[in-house]
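First chain A sits with chain B, and in the next complex the same chain sits with chain C.
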Partner chain A sequence: MLSISDFAVSFRTRRGEVQAVRGISFDVAQGETLGIVGESGSGKSVTSYALMRILDAGGTIKAGSAVFDGRDLAQAAERDMQAIRGREISMIFQNPRAALNPICKVGHQLEDVLKRHGRATRADARAKAIAALEAVRIRDAAARYDAYPFELSGGMCQRVVFAIALACGPRLLIADEPTTGLDITTQKAVMDLVRDLTRERGMSSILITHDLGLAAEYCDRLAVMKDGRIVETGPAAALFADPQDPYTRKLVDATPRPGASLRDLLPIEARTPLADHAPGDRALVQVRDLVKTYPGKSGPVHAVKGISFTIREGQSVGLVGESGCGKSTTSSMLVRLLDRTSGDILFDGFDIADIPADRFVRDKRRSQIQMVFQDATDSLNPRHSARQTIADPILRMSALRGAALQTRIEELATLCGLPLPLLDRFPHQLSGGQKARVGIARAIALDPKFLILDEPTAALDVSIQAVVLNLLADLRARLGMTYLFVSHDLNVVRLLCDHVIVMQGGEIVEQGPTAQVMDTPSHPYTRTLLAAAPKPPTTKTNETDTAAKSAAE
Partner chain B sequence: MVGRARAIGIRLAQTVPVLIGVVVISFILTRALPGDPAVYFAGAMADEASIQQVREALGLDKPLMTQFVLYVGDLARGDLGRSLSTGQPVLTDLAMRLPASLELTLSALILSCLIAIPLGVLAAVRQGSWIDHLCRVLVTAGVSLPTFFTGILLVYVFYYLLGLAPAPLGRLDFLYFEPPRVTGFYLIDSLLAGDLETFAAALRQLALPTITLALFTLAPIARMTRAAMLQALSSDYIRTARAAGLSRGKVVFGYGFRNALLPVVTTLGMVFSFVLGANVLVEKVFAWPGIGSYAVEALVASDYAAVQGFVLAMAILFVTLNLIIDLSYALIDPRIGFDTK
Partner chain C sequence: MTDATGIPTRKPDGAGAHLIHVLRENPVTLLSFGMFAFFLLQAFFGAYLVPHDPLATNAANALQPPNWTHWFGTDNLGRDVFSRVVVATRLDLTISVLAVAISFVIGSVLGAVAGYWGGWIDAVLNRVLDTIMAFPLFVLAMGIVAALGNTVENIIYATALINIPFYARLVRAEVNIRREAGFALAARLSGNSHFRTLAFHIFPNALPPMMVQVSLNMGWAILNAAGLSFIGLGVRPPTPEWGIMVAEGANFIISGHWWVALFPGLWLMLAVFTFNLMGDGLRDIVDPRRRT
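Up next, the complex of A and B:
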């Protein structure tokens, strides 16, 4: 149905031409789902925009053809493309809330598309728009018609985007990272819906994602992209079980999955033995009946409803839950950036909840409790070099100055695997992984006892996530730190944590040792979460590795 | 809708403390200014006794507090006092002169929007093209030429050299009669009276000062439109709209421009505020009987009642303007509720 050959796209930039896609070829058959997998910068999204001919200014198709139904999309006139977009080929996007016009009712946005492609007239547009909303299984569609995007949840917005994409009965759907930024249960609901509806209508689809596990679960065939080229294509299961290309193998290895250990995520040559870490018996952090209530427009909002837990010295505790469950509020209170409504936070036996957040800055325990933030880019001052960023907490909280300070900064950089020449670079000159290392180095600069990690790998590519997770494990063993790891990704939590706390609606629904919670969950919500996580097919790599190792011995 | 009406009511109520503050501050400021109106109005030949006589007549011998109480009492009755320099009640003066300024400012803003907004949109849609460069040149020229200079230049070229424009002597040539007063805007009043000849005459008088002011206000509006459009056009929802096959016009205007309106409206409000206060120079050049020149004359003469009346009128105008802008925000953007205040 779609046949792409030697397709190449390049962008004109100030620094000359950049080749984003360098001659790729693939086919999509009628009714088939193709997954295009790759890390950021691999050219997977550019490929889809080029197919739709909606590249940003400066992007052009340099070579090759993309034949859809007998027409070459690369050569088609803009007029013809406008008729093809939305009617023959349509797209859904990542960040669904931003993908909808914020000041326009969702029903009207649907009507625009229906009218444009002659599927509705002024008279029946409303009814058809509601029908399109019902088609993506939105309950109470007539009421949703009048909603603005900001009034809907992320998952609901993605359904609306999907409704717009399906409204005119296209034959090919391109889904560009459709679940990035959505909760794991929402991700499953959206992906199941996409799969069911495209199957029902006999549509073909292309799923573009960085998540190999997700692609493997929902696609018939996968194409792995790297630096604008396809390095490997094949049926999903086969590709996972026996990756041929070294890059595919690296990706498969780096994907967190049940049964794999932290070191298994790394390439074989980097799998040094992981140092043992055994949590002590002494309680470092004790949380008792912690409550946080925000004043809201319609009555108070109970973000955290009286939770209690204990973190022992040297322990790594995972705090898991979906957006709005109160996990970020909890971590902000623990790191003393936010004041609690009631309850105690005992740190080393002392109730730090009594110290107001704005006075805690000058408390001697400030240096003991540090945080690694979610967005490695936004949490760095863009005008500070890596060296200044790491020096910042030391200058504020300790007397270290001059040569000793520089020695300490270099020691921290080495500890975090940041090459010393990069210390004088600014955040925009660093890669995502390097920025994450700077953030970690800053957090451990004062030798904290307790480190709160707020989804530190959420914005990172999977291979870099693997490296950062291993770095965190090494640091923990070396410095004897205690971690609170906040995450929505159960597979990642399983790798790093000894103990898991599952939160829902401001309450702890289940907590216990990681293996117990993960393998024999007792609460239905935990089971839902576990069931929603994409399950990558079993890989051969683990067995082959052990076989190879034993053979070597 | 009930909630919204109530919210508008609350928003209106919030303007009351602002106005009270303005009354107090304008009273104190005028008293604090150097110069003694009694000396000024008693004349150059006056002796100590006659100055004292004038002072008593003006009520300036009373303690400050008493003066304030009297002033507020008059205000409550709608009496803004009598201007010493014109001899008219301040309210009458303002009613005469405010429409003149408003007519000039509004027509300048309308003209400026008609040029600046399409220019900004085109510059954003065709970024880097000749129209983008034209926009940049116009914007730079607009901000760098002071209004009194463009005003005099226009008068020199169109009146003195070409003879196309009438003499820059006020709102209407002395050949014509003022149209019957309804709104105080000559253009509207003459149309209401069906007097097309007067309308044309008023329009001719208005043309040059309007163009002068419009050139000045063009710059911020065009720049903001261009920036807001560029930002809107690079948004994710524009990509969605394009991927859905919507036509270019629909994408640019229906999706892009509507989203870009908010910052443009904000800029419009700001521009309106400063132009209303700053068009005194244009009024001077064109002998326009507006409120700006009135205020300057009153200030020079320490004409307390007139200055206070002017400040109060401007304050009410700004408060109303801000209210209108706030309300139009809520119309443009459903995300803005009144209750978030």
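Up next, the complex of A and C:
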């Protein structure tokens, strides 16, 4: 139905022309779901924007054709494209909240699309809009019609976007990272819905994602993109089981999956043995009946409802839960950026919860409790070079100056795998992985005892995530740090943590050794979370590993 | 351009290269910077370069139209309009630069404090700013100068005061959205006090939009100073100043002596125009993200 050949897109920039897509070819058959997988900068989103002819200024289709239903989208006039967008081909974007007009009721936004393409009249628009909301299984659709986007959850917003995309009965759906930023259970619900509805209507779809596991679960065929080229195409299971291209191999390896160890995520040549780390017996952090209540407009909001847990010295504890479960509030209180309502936080036997967050800056324990933030871009000052960023904690909390300071910065950069020439760059001149390294180097600059990792890899590509996770494991072994790893990704937690705490609605529903919680979960919520995680097909390496293991036994 | 661990293939721009890029990218910026240089030249060296003494009167030579000796003609006292227009640049620029500098500093401090701590400080400051802005600003400036006496310093203070709210509001908003940003929290964890976090981490990030405000304000400040002089509350004659010159010249337009008011007015207009055009360029220069 869609046939793309030798498609090339380039952008005019300050440094000359940048080729984002360098001659790709693929077909999408009627009723087929094609997954385009690749890491950031691979040109996968640009491909979809070019197909819809909504490229940013400066971007042009340089060559090739994209024949949809006998028409070449690369050559079609803007007037024809307006008729095709929404009616023939529609698109779901990454951030559903940004894709909806914030000051317009969702029902009106749906009506607008219906009327624009002549699918509804003033008289029946409302009924058709409600029917469209019902089609994406929004409960109580008539009431939701009057809702504004800010009143709906992220998953609900994505359903509305999906309803708008489906409203005019398009034959091809392009979903660009539709579930990035959504909770894992919401992701599953949305993706199941997309799969069911596209199948029901015999639609073709293109799923663009960085998550190989997700793509493998929901797509018939995968195309792996790298640097504007498709390196490999094939059925999902086959691609996973026996990747032909070295890059596909690297991606498959880097995808966290049950049964793989941290080092398995790296390319084979980088799999040095992982240093042992044995948690000590002494309790480093003890949390007792920790409560955080925010005053809200409609009564107090109980973000954390009296949780207790212990982290032993050298232990890595995973704190797992979905957005709103209180895990971020808990980590903010532990790192002393937020005051608790009641309860104790014993650090090395001393109750640090008694020191107000505002005054903790001057406490001698400040340097011992540090944090790596979720969004590496947001957590680096845009006006500071990497060197200044890493130097900041050292300047503030130690006496190191001059040449000794520079030596220490370079030592930290080397420890974190940041090439020294990059130290004088600003954050926007660094890649995501490099920014993550700068953030980690800053956090460990003063040899903290306790490091809180707030989803440090959530914004990273899988191959970079694999490297960063391994870096964290190496640092733990070398510096003897204790980790609290906050994450929503159970597969990642399984790799790095000895102990897991599962939170829901401000309470701890389950905690225990990682293997026990992951393999024999006792709480239904834990089971839901585990079931929602995308399950990549088993790979060849896994099978051989398991075979080797069983043979050894 | 690099992979996860690779060494960069090119070096980032330095400040000089960045300036050249910004100027080349946008011809309007180049034009405005060129005109700014032209005005600066007049301000610094105008007094030594002009062909006539701007204060020398010559009744026999009064109200001459523009000619080869007097390029912009002469006024009712026979003074050379060209020399007066050029010499006035220094005074007008001094007033506007100082006024903008004062309102920039005071507005930034107030706005940053209100935006960072919020609460009652924020509420009080906002009401005070509302009060200032509720006055017609020019009338407020008139009142201040009338009450304190019309000296150059008082014109500067009055112009600064009426511009404070614009800076305070802008900084407050810019600081407020960055108060909970990751890098601000990270700065706290690195051992920065609230003051250091605000002054050295958050505030510098508010500079790019501030630069646009500064350049617009320079234009307003010049107009404001000229306006005060125009109505007789500013610089006193016979000091050359664009506002007074326009005021004095206005009396002679009816009798056909247009050049006495037109040329100082033209210079005033060009100066305001220059500052207004400079905003975007200034912002691009101070924004590190524009350097790629």
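Throughout what follows, the second predicted complex is superposed on the first by the 541 of 553 C-alpha atoms of A that agree within 3 Å, B and C clash if a C-alpha of one lies under 4 Å from a C-alpha of the other, contacts with A are read in each partner's own complex, and residues count from 1 in each chain.
Keep this in mind: a contact is a pair of C-beta atoms (placed from the backbone, for glycine too) under 8 Å apart; a residue touches a chain by one contact, two chains touch by 3 or more.
Only a predicted model underlies this, so the values are computations on that prediction, with no experimental measurement involved.
Asks: Is A:93 in contact with chain B, with chain C, with both, or with neither (first, second, both, neither)?
Replies: Once the two structures are laid over each other on A, A:93 reaches chain B alone.
Asks: Taking the superposition on A as described, I'd like to know which of chain B and chain C A:501 touches: first, second, both or neither.
Replies: It touches nothing on chain B or chain C.
Asks: With both structures placed on chain A, which of the two partners, chain B or chain C, ends up touching more residues of chain A?
Replies: In the superposed model, C touches more residues of chain A.
Asks: Go through the superposed model and pick first if A:431 touches only chain B, second if only chain C, both, or neither.
Replies: After superposition on chain A, A:431 lies in contact with chain C alone.
Asks: Please work out whether A:373 is in contact with chain B alone, chain C alone, both, or neither, and reply first, second, both or neither.
Replies: Second partner only, chain C.
Asks: State whether A:82 touches chain B only (first), chain C only (second), both chains, or neither.
Replies: In the superposition, A:82 touches chain B alone.
Asks: So in the complex, which bits of chain A are touching chain B?
Replies: Listed in rising order, the residues of chain A that touch chain B are 49, 52, 54, 56-57, 81-87, 90-91, 93, 95, 98-104, 112-113, 116-117, 148, 150, 161, 164-165, 168, 297.
Asks: Where on chain C is chain A touching in the complex?
Replies: 2-8, 12, 21, 25, 181-183, 185-194, 196, 201, 204-205, 288-289, 291-292
Asks: Provide the residue numbers of chain A that touch chain C in the complex, in ascending order.
Replies: Residues in contact with chain C: 13-15, 335, 337, 358, 361-362, 366-367, 370-371, 373-375, 378-384, 392-393, 396-397, 417, 419, 421-422, 424-426, 428-429, 431, 433-434, 439, 442-443, 463-464, 467.
Asks: Which of the residues in chain B end up touching chain A in this complex?
Replies: The touching residues are 127, 234-237, 239-247, 250, 254-255, 258-259, 332-335, 339.
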